[in-house]
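Got a structure here, written out as structure tokens. Questions coming.
Chain lettering (A, B, C and D) follows the sequence in which the chains are written, and residue indices restart at 1 in each chain.
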Amino acid sequence: MTPPNDRTNGGAGLNDDIGEAKRLELYRLQVVIRESEQRAFDLFLQNLVKGTSHLSLGQEAVAAGFAGAMKKGDLSFCTYRGHAHTLARGVSVEKVLGELMQKDNGLMRGKGGSMHLTSEEHGVMGSYAIIGAHLPIACGAAWRAQYRGDKDVSVCFFGDGTTNIGAFHEALNFAAVWKLPVVFVCENNLYMEYTPIKDVIPIPQPAADRASAYGLERILIDGNDADVVYRTAQKAFARARAGEGPSLIECLTYRHSGHSRADPAKYRPEGELEEWKKRDPVKIYRERLKQFGVKEDAIAEIDASVRKEVDDATEACKAAPPPPLDIISTDVYADGGWAWRN
Amino acid sequence: MAEISYRDAVTRGIAQEMARDPDVVFLGEDVAKPGGCFKATVGLYEQFGALRVRDTPISEQAILGAAMGAAMTGLKPIAEIMFSDFIAVCFDYIANEFPKSRYMSNGQLKCPLVVRTANGAGSRFGAQHSQSVENWCMMIPGLKVVAPSTPRDVIGLMAAAVRDPDPVIFFEHKSLYNSKGEVPDGEIVDTLGSAKIVRPGKDATICALALMVPRALEAAERLKIDHGIDCEVVDVRSLVPLDTQTILGSVARTGRLFTVEENPRLCGWGAEIVSIVADEAFYDLDGPPVRITTPHIPLPAADIMEDVVLPTPDRIAETVKRSLEA
Amino acid sequence: MAEISYRDAVTRGIAQEMARDPDVVFLGEDVAKPGGCFKATVGLYEQFGALRVRDTPISEQAILGAAMGAAMTGLKPIAEIMFSDFIAVCFDYIANEFPKSRYMSNGQLKCPLVVRTANGAGSRFGAQHSQSVENWCMMIPGLKVVAPSTPRDVIGLMAAAVRDPDPVIFFEHKSLYNSKGEVPDGEIVDTLGSAKIVRPGKDATICALALMVPRALEAAERLKIDHGIDCEVVDVRSLVPLDTQTILGSVARTGRLFTVEENPRLCGWGAEIVSIVADEAFYDLDGPPVRITTPHIPLPAADIMEDVVLPTPDRIAETVKRSLEA
Amino acid sequence: MTPPNDRTNGGAGLNDDIGEAKRLELYRLQVVIRESEQRAFDLFLQNLVKGTSHLSLGQEAVAAGFAGAMKKGDLSFCTYRGHAHTLARGVSVEKVLGELMQKDNGLMRGKGGSMHLTSEEHGVMGSYAIIGAHLPIACGAAWRAQYRGDKDVSVCFFGDGTTNIGAFHEALNFAAVWKLPVVFVCENNLYMEYTPIKDVIPIPQPAADRASAYGLERILIDGNDADVVYRTAQKAFARARAGEGPSLIECLTYRHSGHSRADPAKYRPEGELEEWKKRDPVKIYRERLKQFGVKEDAIAEIDASVRKEVDDATEACKAAPPPPLDIISTDVYADGGWAWRN
């Protein structure tokens, strides 16, 4: 496990600039993701999740830390591995699980599927399943903010493997030249699908070691510590809102599960998962809360309420009907329909 | 009323919309200060300023991606892809992003943008700078696709495209930039999805697009003069939405269908129209529907070769005559 | 003779060619040690070693570009594009580079390579991972395009593709990977450009491809049993070269044409076949040629929706019956 | 004019490792390019060049320096601005001008046109007109060399503007990871079509400042001094042949003419062209030869013989017939034909 070269320390020095309310929020978000993803996996084993799914178990701190620092109006652009970021922006567990189960209560009523979670009202401007495609799209949303003088930031999440596709390069250069208020977040979980990222790059860090190619600062952080992530996000957002341009942040993390539902992740070297589980972000954060004097009770209460939310959501999804077939032909075009002819 | 060039119509069409709506922004390679590599956007930078008319790096994916992100969040971007052949380097946006985000999000996201691009042959540029690729877009569900043949249509369809809430791919024909036509004064706004009968006739229907429209008209004149064959020429104008009513109506009257396409033979819009007519108006047809196309080859550069591979008025007239006489 | 899966046939087909010719090399994302995301290339890395079976970065342009450069200079690369939807991110190679370099160089350069890719719906993956995009390739002059429907054809057409001196795009159907079929022992080598009549019949011709072939066959069985309608089913197999002889011959006998396509409606291979038949065999047709397609929409993810949008045996049978009775 | 931060000195120290024979060859190559390009321009003014054309007037030293260092079997991959590189590999002026004039004696008999010059027998493996497309293709040719143990190098030429397209990034990463024997040569002539490169990058040097993103050495040289180019090329080729992987070389240069035939280059700041003409590569090299004791006579003889070659070629092209129409339908497929059906 590469020791992350932190820019910002975690909670070690008992630096309480974050404050208890925000810390409880960051904790809650991580637990919501953890429980929902774990549930998604269980439902998959019961054959109730259809299509594919890509879990963020082990990567909760990145989603929580960024979402925790985002304001209303800030926009998230996610990948197929987007459940975590979608939940972190406040979308209900039911709507997410409903989409995974391809039910009518799903976020897009089953039309999009797990890889395309979108909730415009929460600023989740889509989840994209073609590697790299959303980086330029996030630039465009940021361009609109710049053009209009809106102060919102576009935040674009992607994986380590995504740094090798052309669109990554085009977006980074474009954002830097136009000084766009966009923050690029690389979640380096060490793997692409089944191949380690280190096998396909000639440098140690896929994103951080490329920042200079775009005139950007090298930022490599511990992605398993939500406080570190949160502080880094705040700085990048402030920079963006101040008109100083984009940031590229590489978060070191690890996925506890396979790449997608079908992957048992046998390619991992022995002991690697166990090593990383010692640095489980939820565990780290629970310790952090205690360090800052939060009572076990308060923590247990959050755990219990999240568990209940996920249980209730599960039941609601199980009970929900499948989508009606008449929506197949809606929303191809803006008139609501699908007519390509008169 | 004034006679202006197709090239100037592009500028005027964009200017009309930018003047109307401050959310209309324009980006592309060399489009701002230089006024575009075909000089079709000269003056927009001066008129609308550096924030609305922007030069980009050579990054077609960034151009289209940025247009999409801006469109999604409230702007109405017009993006230029310098030559339509280059759609291949940013095809993911055309094929997978623009046209699917509304559907996949169950209507939450929108993508009101225009991609304008110089399409077609005639400049002796060779295989990578001369293609007619409107089919690359027509076959993708969720896009709208237009290709004007006159200065007036350039302005009117540009306005319609910019005002349309869906992604529109707007094909300008390189070999028409210098052509001229009468254009009314004042605002011009057309509608997408309407074909135009540009020459009425009773013996056969000829559907054509862009540069092929004047050629089909010329062929029709010759057929009339030389052989007394009276062709109806339909300027298809909009491939999606497709004005099947006008086309089917025309074939119902004439009994014969010809399509004149600049693109290579396989899976062109001609095949689509032929298939629709063959299926829905089979019993209206008095003989086989015939496609006239560029052969299924990459385009040669040399003038002498380029000139013979595109459908010419001669070839169109000859094909129609032979087929009607068969 | 042995029964093997379509998935294993992919491995066997590639292995047959790699064993035969040391110039055959294979590259793609996760294809080597992991054996591919569809597990269709498991064991090749172990059998042929790290120099011939190579994992790549997520860089589809680099994958296809590298394949082309290697092909041009003497190797016979097989490149995997994991899902056919991703052809959009490397479409420049498909549309502008592979198919044009021989022509533009007046025959000096060659491009003997195979791009294999997982095509088609049925996995509930949604709009960006389920498309049938064989038309994106068919419409490009200079490419060859195949799409096998059985394990035997997978092996035979893979061999033909690898041995072919032109660029071949090889579409494997995701929903067929688990299907099984009898395969003879020993080397299998097919030819590109030959369709197969997989069910003879006299009342109507049904042309189908890939996953649509078993569905067309099922529809034909039902039509026979339920209505006494005797359909001839043609597995098109190769879109380029296209075996128009077999298709025209079949229509000459049956008098009716139906095409069954998985891709969305506009400008599909069905439109091409219909247009060829309508033009060249108009007087053989006893009624309208009809295309059965997925509607012109992005694909929905949910099982219940995905199941109804693709042509089903029911819909095929119903359409044929209604049309023959009209 | 940015002063190039040379890795290798020009001829200043009278370092004669290059030798007179090679120097005369480098000079000759530059003059051949200069005269041919100038002729192409004249023929364009006479309306005898059809289609487009992209001249390398002012950039001759890059083409000559690299070609001078290449061995038989080494492969060139060029852009639409490829006349210079094609001539530098030994293709006859007649064949190049013939192609520009779209005559039957052209290199591809008019089927390709000026943007696609190709001469397989000279190792010119195509000229590519889609920005960036040939970088991955050059990787593939290099992969073949690596796989077979061939010792040839693939050399890929492109402009400053090309460094912002996705394929650039994919190719550089791919080549570096696979340690391919490919040399990427960026001819930074300060402009894309009509827009200065500095307007669209967030760093000073479009290629050199990105080398580190691929684990490569930063190489920025004076592209107007053929000796500097030649020495740099030799080192990069030696590295490639030794299995040490790719190089990325940025050559600072300037085009004296417009981007393409139709461009009067009015966007250049006043005086810029004049400044650069002081560093005209042909002039520099003529001085260099004199410095090393080459007689004026010998130089004049080269000039005259090149002039004659270009004059003869011009006459031959004028006299040549247009291509016959029957080649329109050849060489779409390898069987010689164009049949897509049986």
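The rule is short, and it goes like this: a contact is a pair of C-beta atoms (placed from the backbone, for glycine too) under 8 Å apart; a residue touches a chain by one contact, two chains touch by 3 or more.
Just so we're clear, the structure is a prediction, and the values are computed from it rather than from any experiment.
Relative to the C-alpha centre of subunit C, the farthest chain centre belongs to D. The interface with the greater number of C-beta contacts, when B-D is set against C-D, is C-D.
Distance between subunit B and subunit D, defined via averaged C-alpha coordinates, is recorded as 36 Å.
Separating the CA-averaged centres of subunit A and subunit D is a span of 45 Å. Chain centres here are Cα averages; for subunit A and subunit B they lie 40 Å apart. Residues of subunit D in contact with two or more other chains: 109, 111-113, 116, 128, 130, 133, 164-167, 170, 173, 177, 199-201, 327, 332, 338, 340. Shown for subunit C are the residues that touch two or more other chains, namely 56-57, 59-61, 85, 88-89, 92, 96, 103-104, 126-128, 141-142, 240, 265-266, 295-298, 300-301. Within the complex formed with subunit B, the residues of subunit C that make contact are 85, 88-89, 91-92, 94-96, 99-100, 103-104, 126-128, 135-136, 138-142, 240, 263-272, 274-275, 278-280, 282-283, 285, 287-291, 295-298, 300-301.
Within the complex formed with subunit C, the residues of subunit A that make contact are 50-52, 102, 106, 109-116, 128-133, 161-162, 164-167, 192-195, 199-201, 267, 322-323, 325, 327-329, 332, 338, 340. Here subunit A touches subunit D in the complex through residues 164-170, 173, 176-177, 199-203, 209-210, 212-216, going by the rule given at the top. For subunit B in complex with subunit D, the residues that touch the partner chain are 29-30, 33-34, 37, 55-61, 85-86, 88-89, 123-129, 265-266, 295-298, 300-305, 308-309. The touching residues of subunit D, counted against subunit C in their complex, run 75, 107-109, 111-113, 116, 118-120, 125-126, 128, 130, 133-145, 147-148, 154, 166-167, 170-171, 173-174, 177-178, 327, 330-336, 338-342.
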